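The following pair of complexes shares a single chain, subunit A, combined with subunit B in the former and subunit C in the latter.
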Partner chain A sequence: MRAWLTRWGRRYGALMRNAWLVDLQYRAAIVLWVLWGVVEPAVALGIWWAIARAGPVGGYDRTDFARYFFALTLVNQLTLAWDSWYLDRWIREGELNFRLARPLHPAHEAVADNLAYKARTGAILLVVWLLVALVWPTVRLPVAPARWALTALAVVIAAAMRFFISFTTGLLAFWTTRATSIMELHAGLSLFLAGRIAPLALLPPAVASAAGYFWFPYMLAFPVDVLTGAAHGTATIVHGFVGQLVWLGLWIGMWWVAWRRGIKRYGAVGG
Partner chain B sequence: MNAPAISAEELSKAYQVKVRDPGLGGAVRALLRPRYREVRAVQDVTFRMERGEIVAFLGPNGAGKTTTLKMLTGLLYPTAGRAQVAGFTPWGGGPAFKRRIALVLGNRQQLAWDLPAEETFRLNRAIYDIAEGDYKARLTELVDLLDLGTVVDKPVRQLSLGERMKCELAAALLHRPDILFLDEPTLGLDVTAQEAIRRFLRAYRDRYGATILLTSHYMQDVTALASRVLIINRGRLLYDGGLDALIARIAHTKRLELVLSSHVTRDQLAGFGTVLELDFPNAVLEVPREHAAATSARLLAAITVADLSITDPPIEEIIQRAFALGGAEPVERTA
Partner chain C sequence: MSARRAPRVLRVLGALWRLNVAEELQYRANFVASVVGTLFYLATALLTLALFFRHTTSLGGWDYWEVVVLLGVFNALSGVVEAVLRPGIGQLAEQVRSGDLDLVLSRPVDAQAFVSFRRLDVWRFTDVVLGLTLAAYALFRLGHPPSVSASLAFVVALGAAGVVVYAIWVALMSLAFWFVAVENISVLFDALFEGARYPVTAYPGALRFVLVYLLPIAWTTTVPAGALTGRFGPVTAAAAAAVALVAFVLTRVLWQAALRRYTGAGG
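For the complex of A and B:
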């Protein structure tokens, strides 16, 4: 067991190290990525802040909105996965070739890349949040270790869900040249159904109810609500975690099927 | 009897390719009623390689060389047929199989573009579970053999094509595979770099008994490295055997290369064979293979020559003639 852990620890360490070394070559790109991750929730917060001037909207006052979008920024960056774009390129341009020739499933490189990105960006955003909280008490969260522990668990499951969603969608490149378009459609839907532009409680009841039948709320809105305290009570929390685990299981299943079938269709283009 | 390092039996790969007529109408028809055509990239390829052999896989572009290589390394699933590489079925081989092989593709590189090659080497050390001591010893050996001393710590994007290919080879061989699949390993390199790669491959084979299957467009690679060639065209294996046997089979002529001591006319030379070149003092004649010796004797008696040598036609020409067989004839085996 110890040898197994050492071996995998060394592999993931090496993969993450290389990801960080590449990052260091593109320092400006890191700043742009972080800004890109902040701008969308900042704009949404600005709009809801103005709307809530006269009083609470759907039960959310200005403080709730501020906390929601700060939490959203952090959770979104910690769960974001862009693997479909990588997979699409690896498959269409033959970059999967050397990855398939190594004794390591290509998914491990993608997971390590995700961990490297999330560790780096998450750390930056946490520091930014703490600095803002020093001067703006509105976005301070209560010291509640149990809530933070539940948030950490919900974020880990959400990150795994989003990873498998993105990876599986990228695998569609085995069949179509439009895999990234499908992922863009997914991103568009998640704007509304995952709570990126507004808390789900503010959506029209029919839309909010429909969202509950999909994975969208579990990949973003649920961990955000756990962090801000909007999701409380054992039943709500248990329901959220069960939903997360069911959808994670289903997406892992779809990933497995897509990989097994897709790899047999692989054309291995390019020399 | 030892199991062969590589064996392929009636290996075939067919692709479904979408076809559409030109123009907007064609695009709409293709959308409404897509049509597909089957392209047989590789058809019933059968051969085997013993441990320590270096075999060159030759064929024009699109002949099926790289597709065969990709099936033998497990990247592609065949449509039909069987293969065994190092005792594994490649497309189900898993990590244990991949530790035994190396695949170097000419224009798809594993080196991280923005980092020094050394970082990819370290990554491969972790991926292949190479012990620190072994890693250091092997890296020192590869750096020495490939003359990479001043190269490994420079970002890959700053390296020349030849330096990059040498680093690719080092990255692919750190885990010391015993079967190497090399697709155009000298493509685009200058003569010095090509020779360095050839020298290295010979040394690696001699040292570790490695089996090497390589594709190349450079005949020097073939003549310098391979004891045997496989010729493939339009997906079918046309020839499997030694270079000498191929020359004897395909080349029905020999060349007499002369250095003349005195001027002769083209007509005078034409009496001995087909004059391919006459640029005093050099001349080249082509004569039927079986008459080469007798014609040489007649020439020496009739004309004053400073030097005469009998050679085969250039290997490029012979290979071109073999390609031209185009699958009309069954595979010729001389091995």
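For the complex of A and C:
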């Protein structure tokens, strides 16, 4: 067990150091990507802020909206995964070949890239949030260590979900040239069903309850609601975590099938 | 004007565009993909508006169909960006980094015009058609057709909007001469333009000031859409033309300063 830990610790240490240094070369570019990620929730907050001028909307007043979208920005940055774009390129341009020749599954490199990228960008956003909170009390959250611990757990599971969703969708590049378009479609749906444009409570009730049958709320809205305190009570929280774990399991299964079949097909084309 | 008397740069660009269109016509599936993508984008944008208007009757004083007119204008301008600016001047940062810009500068044509308009992504012009169609439909639903003067004001304001968008791209891309490492600088435009999806009056006061006077995004969608719905008159359209002129001249100066710096570094 210890040998196993040391071996994987060394592997991940090397992969993450590499990813961190690559990102360091592109630090200005990364700041721009973070900025781009901030704009969508900022615009949404601006609009809801204007709408809530007269009073609470669907139980959300201006303070709730501000906290929701600040939490959303952070959680989104910590969970988003670009892997379908990388996979699409790896498969189309043949960059997957040397990765397959390594004695390590290519998914490990992708995981390490994600961890390094999220550590850097998540830290930037956290510092920005703290600085804004200094001058704007509205976005201060009450000190609640237990809730923050639950949020951390929910964010880790959500990040894993979005990683496998993105990776699996990217694997479709084995069969189609439009894998990234499918990911765009997914992003369009998640705008509403994952709570990116509005808290789910503000959607038409039929849409909101339909969203609950998919993975969307669990990959973003649930961790956000845990952080802001909108999700409270043991039943709600347990239900959320169970949903997360079920969908994570299903996506890992789909990822496994897509990988096995895709590699077989890829080998056949190449060989 | 006969082709012979046209300025040299126009003749050069005309020849490039002909080649460009001939090349793109080989990839007709891209046309379908482009239209489907835009229709999906418009559907999500309309659903977003529907969601907002579930909880309000106006956005910054604009009612639903007025904001849809604005969305149509936004989509038309996005089409111009994707068809002309991103494949053209949007490639500048990469050319500065790789040194390919030298090949452009050694040509006997105006470098800014050549860099800006040498390549077209012709299929994305369908976004302009779809956007203007949506704006026309929304106008029909509003129930009062625009007067002749409102239509004229719209044409002027839309032309000005195109110039302002172009000027913003030139300004951002000129920054690439100073900050070579920023290859995805076009992301700054996307971030900025995201704010143009809604009327500026919906935003808080300080931000509105910035969007009207400093980062003149307000002039790209709010003003043309407002001119079309009769919210703004000919005076605003004239102001838009003036803003466009100032933005164009300023960015031309910035471009030339950037180019001097580049030739200085290269030689």
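By our rule, the second predicted complex is superposed on the first by the 266 of 271 C-alpha atoms of A that agree within 3 Å, B and C clash if a C-alpha of one lies under 4 Å from a C-alpha of the other, contacts with A are read in each partner's own complex, and residues count from 1 in each chain.
One rule holds in what follows: a residue touches a chain if its C-beta (ideal position, glycine included) is under 8 Å from a C-beta of that chain, and two chains touch if they have at least 3 such contacts.
Note that the coordinates shown come from a computational prediction; the quantities given were computed from them, not determined experimentally.
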item	value
Touching partner for A:263 - first (subunit B), second (subunit C), both, neither	first
Which of subunit B and subunit C A:7 touches, first, second, both or neither	first
Partner chain in contact with A:28 - subunit B first, subunit C second, else both or neither	second
Subunit B versus subunit C as contact partner of A:143, first or second or both or neither	neither
Partner chain(s) touched by A:95 [first = subunit B, second = subunit C, both, neither]	first
Contacts of A:235 with subunit B and subunit C, given as first, second, both or neither	neither
Those residues of subunit A which subunit B touches in one complex and subunit C touches in the other	25-26
Contact footprint of subunit A on subunit B as seen in their complex	15, 66-67, 70, 73-77, 94-96, 98-99, 101-103, 105-110, 112, 114-115, 119-120, 122-129, 183-184, 187
Interface residues, subunit A side, partner subunit C - complex	25-26, 28-29, 32-33, 35-36, 38-40, 43, 46-51, 57-58, 178, 181, 184-185, 188, 191-192, 197-198, 202-204
Subunit C residues within the subunit A interface of the complex	33, 37, 40-41, 44, 47-48, 51-52, 54-56, 59-60, 179, 181-185, 187-188, 190-191, 194-195, 197-198, 202-204, 207
Complex contacts: residues of subunit A adjacent to subunit B	7, 10-11, 13-15, 17-18, 21-22, 25-26, 94-95, 97-98, 100-104, 263-264, 266-268, 270-271
